[in-house]
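Dropping the structures in below, format is structure tokens.
Consider the two complexes below, in which chain A is the common component and chain B and chain C are the respective partners.
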Partner chain A sequence: MKLKDTTYKAYSGIAKYCRTGDSKHIKDLELRQDRMPHYRRLVFNITKNTLKQAYPITFKLFNNAQWEEVVDDYFKNHNAQEYRIWLMPKEFYEYVVEKKYAKKYNMPFLNDLLLFEWIEIEVHTMEDEIFPKIKKEGDIWNDILILMPEYRLLQLEYPVHIKQTKEITAADKGNYFLFSYRTLENKSVKFMDLSILFAFCIEQIEEGNTLKDIVKQFFTLTNSEFNNEIKEKTESFIKGLIQKEVVLGFK
Partner chain B sequence: MKNSKKILLAGTVLAGFTATSTNALFASTDLGEASDVRTNLLSDFNSPALNNDGILASLEAKCGESKCGEKKTDAKAKNKAAEHKCGEGKCGEGKCGEKKTDAKAKDKAAEHKCGEGKCGEKKTESKKDSKDKAAESKCGEGTCGSK
Partner chain C sequence: MSVEGKVGIGFRRDFATNFLNSDVLKPGFVEFAPENWIGMGGYWRKKLEAVVEKYPILCHSLSMSIGSPDDLDMNYLKDIKQFLDDVNCQMYSFHLSFAKCDNAHLYELLPIPFTEDAANHVAEKIKRVQDFLNRPVGIENSSYYATAIPEMEEVEFINKVIEKADCKMLLDVNNVYVNAFNHKYDAKKFINDLPLEKVLYIHMAGHLQVNEDTIIDTHGEPIIDPVFDLFEWTIAKMKPVPVLLERDFNIPKLAELQGEVSQLQGIVNKVWQTVEK
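Up next, the complex of A and B:
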């Protein structure tokens, strides 16, 4: 429903005032001007607390001045679009990436860290997905495997999910694959650190390829040789996923 | 850095991939619950050599509790994590493990204006408001008992 112009103007004015503290945005509005600073303080506190809770590792990594600077900058200058408070930290992550704070603070892993912290919220709170119909029995190598739909697969440059930030160095830069899923059992979020082969398997299973084709494709792309050890370990990985209910069954 | 179900590995990473060690190909570590991972990463005495169990064991050794304490520590760590972030802390909805739907979040968001989401705030504000109103009003217009 479209808002009335006057309502929209009032909302925008209050929002701008809350973000900047500049009373020119509200001076023409019929409201108690003396109460507005308190309203602004409350809104700002909620923003700060939400971000602090969403990014506890980043919060710990930054010194006070850095945290204040980033949050103030975001609050003041980012034109927030999301009306759902739980999604607000995602816009914060995008803002920090856009404003290149990783470079400014000489923290090359910062963007990865924020994404890693955000993904926990996203997976936990994301909308329930529709689970496909599956067969419980099938051939791991030749039948199409069906993944549970409530997951995210991330490719990271720094091992922010397995190392404390103070231990991460430039030498750690590489390719890391983080699998994050919501368990069927109690809807908690779990993480797995995957090798490139297994991340590739997940991605290709999602595409509807059989494990046999996936592995074949992997070794063609990498010019490596397929052997029994690889077969056994890949099979064992998939069986593990079946046990964890990440692979639900067969098409 | 990509965030999706499809991260185009084949086109990007695999092109430059050389298998220096076959073991690296099979590395897959179950990191466990997100809250435990976070607790470990935030912990000062953590090191990569310690996994979740290792940390819990070291806590165990520190507090001197034996077998029965183990479970306690585990529960403690979990509770602590839950306090920090585990869904509830982050979005302010429901208990950890409770099923949350976007629709639910939508409803909540719809109910509250920006910044009014916190329980109690609106109440306080309106309380304050009514106090002020009572103070402003002429005698007899306030609520019963108000000055």
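Up next, the complex of A and C:
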């Protein structure tokens, strides 16, 4: 950098002031001090509003002081790396996880909630995938099923996707599987709560295994019994996915 | 399709669907902020493609942060280059300001210190951007509310940068008005001192006066009459270029936006008609 030290300090002082609101960073600079709060307000509001839009449930869950505190901490201490502001909220999620706000605010489900809210944005905006060639006709159990590629499968500890946050208690802790996909029809985002078996099916279909092998493997692994009822349920789950165009067809 | 002497609109998701499904708003071209679209698929990608199909495209970057002390982000530039190609961008511009410092994006336009070394630093970066993108870029005069350790006037700084970088200019007439008010200088004298022959295109927008001596460049209000007047006075000194209406907040009904587009087009036609024939 060929900037003089005084010039660099002016840049850095303005940026630090905007991030912290602390006028010590600009007090020695020759500039209109009285105008600088406009910058602080404009800069901080952009990040705050972007996060509020990305995480509306979390925003409602926090009281004002908590929201101000976490956003302020984040903006002050985290160097945002993403040049696209609409992707920046992902860095906020990672920051909140890393700094353990879930513990601080005694909201054990907080990380899952943020992830749930983030995934809606991610699935809605993620880049278009190339759709594989498929056959329309086939056998659900014995042919390889092909999934539409625009989805995410998440494992959560708390049921943030099926319960109001105020109703979630420590007793809810467990294994939850959330499937989120972008519809072919109008590219909107849909969510499905999956049982562990169905989450396993999705994961293994992606691996290229047949439903027959997947189910067999599942019941061996879990040491449990496969019966007619489960068979029927699995079949109707897959038929549902075909209808929703989540399963596109057969290899 | 030529965009000179046409009035365009800055594309917003807020009005995308209405805009594409009706012919209420009829811009001569559309301006995209690449950062709002790069890497985006799905619903919005389809809208973007529909716009690109229908209109000539200009692009205006938000995160170039050319004034930043930080070095250029080559991955970012690669993405920009690809995007400009994808949308068949006719003209490309960004602000003479900084939005990133000490390795952190701030997502807002901050004022460059008007110093000799900053001018050299910025000019050198612009040159590298032009080389990399293999196209001329327009540097926009930004609105600013305070500037640190100034060694020269804003207009001198802009001229220095444009000359050294050998680049074009994006003239934001509203920003001139806002800065002239906030820093108490003569807007017409300022414009007279600019390299008007290097203007690639013009931005027009609304602003908000927050107290007796400060205007904030909000892009959230209609253009006020004195800015229309300054625009008319300015373009009489120039050859025809594209004119863009920026409206980023408080987006009104499309008919109202079209009203502003028509008003601008009326002025453009009146002033530039002799040149166009």
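Quick notes on this structure:
Operating definition for what follows: the second predicted complex is superposed on the first by the 215 of 251 C-alpha atoms of A that agree within 3 Å, B and C clash if a C-alpha of one lies under 4 Å from a C-alpha of the other, contacts with A are read in each partner's own complex, and residues count from 1 in each chain.
In the analysis below, a residue touches a chain if its C-beta (ideal position, glycine included) is under 8 Å from a C-beta of that chain, and two chains touch if they have at least 3 such contacts.
Because the structure is a prediction, the values reported are computed rather than measured.
With both structures placed on the common chain, the touch criterion links A:242 to neither chain B nor chain C. For chain A, the partner that touches more of its residues is B, with chain B and chain C as the two candidates.
When the two structures are aligned on the shared chain, A:54 is found in touch with chain B, with no touch to chain C.
Touch criterion not met for A:134: it reaches neither chain B nor chain C.
Once chain A of one complex is fitted onto chain A of the other, the partner contacts of A:195 are limited to chain B, with no touch recorded for chain C.
With both structures placed on the common chain, the touch criterion links A:162 to chain B but leaves chain C unconnected.
Once the two complexes are overlaid on the shared chain, A:222 sits against chain B while remaining clear of chain C.
Within the superposed three-chain model, A:144 lies out of touch with both chain B and chain C [touch as defined at top].
When the two structures are aligned on the shared chain, A:102 is found in touch with neither chain B nor chain C.
In the overlay built on the shared chain, the residue A:125 is in contact with chain B and with chain C. Residues 15, 18, 39, 42-43, 46-47, 50, 83-87, 124-128, 186-188 of chain A lie in contact with chain B in one complex and with chain C in the other. Taken together, the chain C residues at the contact with chain A in this complex read 35-36, 38-46, 62-63, 68-69, 71, 73, 76, 98, 100-108, 110-113, 115, 117-118, 120-121, 124, 145-150, 182, 210, 214, 216. Those residues of chain A lying in contact with chain C across their complex are 1-4, 6-8, 10-16, 18-19, 26, 29-33, 35-36, 38-39, 42-43, 46-47, 50, 78-88, 124-129, 150, 182, 186-188.
By the touch criterion stated above, chain A contacts chain B in their complex at residues 15, 18, 39, 42-43, 46-47, 50, 53-54, 56-57, 60, 83-87, 89, 111-112, 115, 117, 119-121, 123-128, 151-157, 160-165, 167, 175, 180, 186-200, 203, 206-207, 217-218, 221-222, 224, 229-230, 233-234, 237, 240, 244.
The residues of chain B lying in touch with chain A in their complex are 1-7, 9-10, 13-15, 17-19, 22, 24-35, 37-38, 41-42, 46-48, 84-87, 89-93, 96-103, 105-106, 108-110, 112, 114-115, 117-118, 121.
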